[in-house]
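Order of writing sets the labels: A, B, C and D. Residues in every chain begin at 1.
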Amino acid sequence: MHGYTADKDAYLKRLRRIEGQVRGLQRMVENDEYCIDVLTQISAATKALQAVSLGLLDEHLKHCVAQAVAEGGTVAEDKIAEASAAIGRLVRS
Amino acid sequence: MHGYTADKDAYLKRLRRIEGQVRGLQRMVENDEYCIDVLTQISAATKALQAVSLGLLDEHLKHCVAQAVAEGGTVAEDKIAEASAAIGRLVRS
Amino acid sequence: MHGYTADKDAYLKRLRRIEGQVRGLQRMVENDEYCIDVLTQISAATKALQAVSLGLLDEHLKHCVAQAVAEGGTVAEDKIAEASAAIGRLVRS
Amino acid sequence: MHGYTADKDAYLKRLRRIEGQVRGLQRMVENDEYCIDVLTQISAATKALQAVSLGLLDEHLKHCVAQAVAEGGTVAEDKIAEASAAIGRLVRS
């Protein structure tokens, strides 16, 4: 069980929609659509992925990190360090 | 014809790979994989989309914007303003 | 007392360096230096600010959020929601 | 003369304001202000820097890149490649 498990269906739905957006990008490129229009749709897909990340991160803090903090000691320190590293990757992606 | 048309196959291949990454994310969520591992893969898919954007933008500058600049006047101004707006969306996504 | 208080001097030193970078940008613009060189230095200053943010966020999770989680209830929920919102702003900036 | 030269005073004014924002961050840290409030102000300073970058980039495309494109040949190719690389750094910062 993870933080997001309770919302699994909602996350799967969002990811399927993003999959559809990426297939839509393929159609646009296939049909030689205008570069700027393709770029606009890529920004939309990127933002959708970003929103999924922020949702998962929030759930992770609420559940996995909170449980580790309750346990205390190195379990808590490692879990927070891990979360901070993931936030760093998210910020730099 | 657009800037990317000559490299269409390469872009389609990259987009299909990204589609595969997003399906992979669905499997990870389906299988209750650890939040941080899902986040890591989302960052990878976001970076791949970003790289496609930067490639398309470079081609757009080389072809569409360059042609408009050669034409000059408002055609050039509008095309550059459009490119700058797309760069802004990319930076903020 | 906050998470970063113990490292206050290090953060102040980093922020003074960033202040110096921004004054350096003013000199570059004053001296009509090449646009791309100015852009390169802006990216450096932005990354330095980003690194300060990630440091502060890590400290915040380790101290403020961990304390709130130990307290539990709405204190913990509110503190995590607040941290998630700050992460969202950081990702979108 | 570069693209931004005509707007030099406006850019200098914006950069001085950002310098003030960074000094404000130092005061917040000096006064042990709450981590989240410091993070919020860092995001504001980062966005201000980003906006300066996008402005400079737009001017660069309109002047330096447009002039190089009018010249054609490797001068144009090199200038566009340079602009694309700067856009890449901006997107990843």
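By our rule, a contact is a pair of C-beta atoms (placed from the backbone, for glycine too) under 8 Å apart; a residue touches a chain by one contact, two chains touch by 3 or more.
Everything quoted here is computed from the prediction, not taken from an experiment.
Annotation of chain A and chain C: not jointly contacted by any chain, touch as defined at the top.
Taking each chain's centre as the mean of its C-alpha atoms, chain A lies 18 Å from chain B.
Averaged Cα coordinates give chain B a centre that lies 28 Å from the centre of chain C. Residue positions of chain C touching 2 or more other chains, listed in rising order: 50, 53, 57, 83, 90, 92.
Viewed as a network of touching protein chains, the structure reduces to one closed ring of chains, two contacts apiece.
Applying the touch definition to every pair of chains gives A-B, A-C, B-D, C-D.
Remark: chain C residues 50, 53-54, 57-58, 61-62, 65-66, 69-70, 76-77, 80-81, 83-84, 87-88, 90-92 touch chain A in the complex. Contact residues of chain D toward chain C in the complex are 1-5, 8, 11-12, 15-16, 18-19, 22-23, 25-26, 29-30, 32-36, 38-40, 42-47, 49-50, 52-53, 56-57, 59-60, 64, 82-83, 86, 89-90, 93.
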